[in-house]
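You will see two complexes here that share subunit A, one where it goes with subunit B and one where it goes with subunit C.
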Partner chain A sequence: MIQVEEKLYQNRYRVDEGRPHIKIKDREICSLCSHKICTVLCPAGCYRKGTDSAVSLITDGCLECGTCQVICLEHKNILWEYPRGGYGILYKFG
Partner chain B sequence: MKEKFDCIVVGAGPGGTAAAYTLAKAGLNVIQLERGEYPGSKNVQGAVLYAHSLEKMIPDFRKDAPLERFVAEQRIWIVDGDSYVGTTHRANSLNWQTADRYTILRAQFDRWFSKKAQEAGVLLICETTVTDLIKENNRVIGVRTDREEGDLYADVVILADGVNSLLARKAGFRRDILPHEVALGVKETVFIAQETLENRFGVVDNQGVAIEIVGTITQGMLGTAFLYTNKESVSIGMGCLLADLKKKNIPPFEFLESLKNHPAIKPLISGGETKEYAAHLIPEGGYHGIPQIYGEGWMVVGDAAMFVNSIHREGSNLAMETGMLAAQTVIEIKKRGGAFNKEQLSLYRDKLENSFVLKDLRKYRKFHSVFRTNTHFLTTYPQIVNSSFFSLLKVDGTDKKTKERETFKNILKKRSLTGIFQDAIQLWRATR
Partner chain C sequence: MGLSILFAEQKGERFTMAEGAEKTKSSKRKKIALDPKLAEYRGIWVFIEQEEGIAHPVSWELLGRARYLATTLEVEVAAVVFGESQEKVEKITAEALSYGADKVYQVVDPALCDYRSDPYTDCLVNLVRKYKPEILLLGATALSRDLASSVATLLETGLTADCTELSIDVESRSLEATRPTFGGSLLCTILTLNYRPQMATARPGVLPIPTAEPGRKGIVIREQMQIDEEKILTKVLSFIPEPYKTAEKLSTAEVVVGGGRGLKQPGHFALLRELADLLGGEVGGTRPVVQAGWLEAERQIGQTGKTIRPKIYIAVGISGAIQHRVGIEKAGMIVAINSDPNAPIFDYADIGIVGDFLEIIPALIRVLKKRQSTKTELHAKDKPFEIELK
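Now for the complex of A and B:
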């Protein structure tokens, strides 16, 4: 099976260390969420299901598409901003 | 000291740059802000560039724009399982100078287009994210950026900040985006040696091929796939409605893998090396999804205003056209010494009504709901078309008349005559 990391590996990023631009507001809500659709639909696999029904988020590979924010509409549990100017994904081709 | 401009443009995609370029050409004092390292570093497109809007601004763009190939041949494929039926259109009269569409790489094209705007007098500041609009008495008077002392002021602000348009949402100009109003596009740029590519696709001298793919590859989801040839790479990807992806519960990159592995596609990209993987949302709200597009001291252009014609896969040209129209609105109001209030800026809407943008979007206003409610178009018909061709073309000793009868019977097994008739009428009505 293809791993998304292999795909992301090709991309160029400038990571804003220690300043993630997306945050989960309330981790408790994720634990209670039944479908955890963010863990499936994020094209960069930034959201992962933990063993204890928690959701972890690592934004380093984020493609800044906006999907997670749109699909979490029922819980509105994602604080979504753009990275600081100059940081994040840097497309070479687009 | 308060720095004040005639106009602030947020975003350096085709929409923002078209607006900034047009304003600067008319001698206005324009500042443009872009959060990426350079224009295009955040932008994703299939990408076919339709030339008409660009040509209005820069008639000789073909001379030095980073165009990959001109689209000499267009194919439409209807896929089912491991087969496809398709059409091909190639016009030999087309050439580099007269073609109406070219393949591009956005990271390169946007940078070039922006350079033209800067040469015309636009002040571009990159690596700067606009975090908020500054309002006074409910009027937009400037923007706040993530730079220190980064507040800027202007008579009018043009938002060209793309599909997510955080700014318009923060300012309350539009509501949240719903999962059935956007598609998620995933794409890879796969490099192939130029000679191999040209042999594979049967092209010479900057000719290119654009393949649009519909059918069961999207597993019943509203969406399409594409494969475009660049100079020495192909762009391959697909876009599906978020609401449908949500129902399907499959990671988007797995869909992309299944597309790349489809027997019709695989040989075209075999041996190629993927050098980038990208994802971006595409506005699919159509005519009914268009939010408020102007108000007290502000206008919205391009994707931020949902100006995408997803039926024809046009977006960047609508962004450029609406950027130009917004700029012309500013220029006219300025000339007559008017204020940039809601009443005056309604001129933008008038201009849009007279342009192909709103005419086209209005024409297809029902299209989406038809495709969303009637999934036969996405699954049953691709199957019917493929299996019919399969049996009609197969030479196995059965006489042709019997074959025709059997094919017809098979079609009716999948969809009744009345059903087909109703679907056809529905489709016809949806494009009136």
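Now for the complex of A and C:
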């Protein structure tokens, strides 16, 4: 099976090192969240279920679709911004 | 100037010389007759890089290669040694002769003490103009890359930087300098057809160091240069040694132990550190572990981190996503330790171990320590590498 990373590798990014544009407000809330829908719906697989019921977020592959912010209805636990100008996903022939 | 890109192929699909390459060459190569006044250029020169009387090993690697190229061209190999005192230069000259130089050109002047672009460039350009070598090779180090570019510009000839392979096209007597480009995704072979000398810098560590023959004799030519210290704009005020920062050694380490999310806890990096220390290597990691704060950002390996080319890369608990793969695929050997047999890293690892790193790494450490303590010369072929698991 093709991993999502393989497909993301086809994209062009300019990663803003050390300045993730999406943050989880309170990690405790994620541990309590039962469905962790962000880990299922993120098209770039930015959200991963950790071993200890935590959620890890790595924004490097983010496609800036905004799904995660919208679906975290119950807890509103995501602080979502676009990356700075010139950073993030740079769609070529998008 | 004077360059023609001969053929560039996808890495891994390079033609063998016997088959495809011949066809590609004859169909694509332009026939250029060398300017008659350049035809008298003969011989292969290697610039011996030295700092404080110690030569950089890449110089010996180049001498070995030059020896081989010289056999094809039926010419002599000469070394060029600069230095501030006769004593230091003599020591390096003797070494250069032992590594295969037939001739050594020496320039001794107090102004050549520390490396500076101006005097080094002038001396080398003057030597080349006087003795007319066919090929001039330098190491692709910070020092020599600086020197090579200014020399090539003054001589108005072609220079191929950071080559990984040097050979001779017998038909046209030209140097085929092959170098990776576009971050290593292409290999291109570049020829300097109508300018002399043909210049190339070679990446340190890709060519083998020849066996030295101590006491080998050769011709030594001492050149006196008029260097006017007043006219040199660069002055060396002091030399500040690089602060000891091991993370920076990651790109040049011969052994790298990399850890990924599979380590589960930041504390487990201590195990990798121990293994790396035993092997004289460095520790690196993937994006997720750096992001999680388990490892400093300078130790990140991969697309947005460092690209490394160690002799051995040991990937522990790394799934091997392509973003990591691009940073390690130039390693000589990749050893993967992962509990998931379906991890993509096993698709490109040379040695794959499916298992728990918490058993395997300590076992490896035990074996290595045992070897060090017994201090017996054990080679892989004499005794198999035995690992006892708990």
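In this section, the second predicted complex is superposed on the first by the 94 of 94 C-alpha atoms of A that agree within 3 Å, B and C clash if a C-alpha of one lies under 4 Å from a C-alpha of the other, contacts with A are read in each partner's own complex, and residues count from 1 in each chain.
Heads up, the rule we're going with is that a residue touches a chain if its C-beta (ideal position, glycine included) is under 8 Å from a C-beta of that chain, and two chains touch if they have at least 3 such contacts.
Treat the numbers as computed from the prediction; the structure is a model and nothing was measured.
Aligning the two structures on subunit A places subunit B and subunit C next to each other without any clash. Rounded to the nearest 10, the angle made at the CA centre of subunit A by the CA centres of subunit B and subunit C in the overlaid structures is 110 degrees. Contacts of A:Ile58 after superposition on the shared chain: subunit C is touched, whereas subunit B is not. Touch criterion met: A:Val40 reaches subunit B, while subunit C stays clear of it.
In the superposition on chain A, A:Leu79 contacts neither subunit B nor subunit C. When the two complexes are overlaid on their common chain A, residue A:Gly94 makes contact with subunit B while staying clear of subunit C. Comparing subunit B with subunit C, the partner in contact with more residues of subunit A is B. In the composite built from the two structures, the nearest CA pair linking subunit B and subunit C is 15 Å apart.
Once both structures are placed on chain A, subunit A residues 8 are touched by subunit B and, in the other complex, by subunit C. On the subunit B side of its complex with subunit A, the touching residues are 35-37, 40-45, 47, 105-108, 110, 126-129, 145-147, 163-164, 166, 176-179, 182, 184, 186, 188-189, 233, 235, 242, 245-246, 249-254, 257, 274-281. For subunit A in complex with subunit C, the residues that touch the partner chain are 3, 5-6, 8-9, 15, 17-18, 20, 51, 56, 58, 60. Those residues of subunit A that touch subunit B in the shared complex are 2, 4, 7-8, 10-11, 14, 35, 37, 40-41, 43-45, 63-67, 69-71, 73, 80-86, 88-94.
Residues of subunit C touching subunit A in their complex: 264, 287-288, 291-292, 297, 303-304, 321-323, 344.
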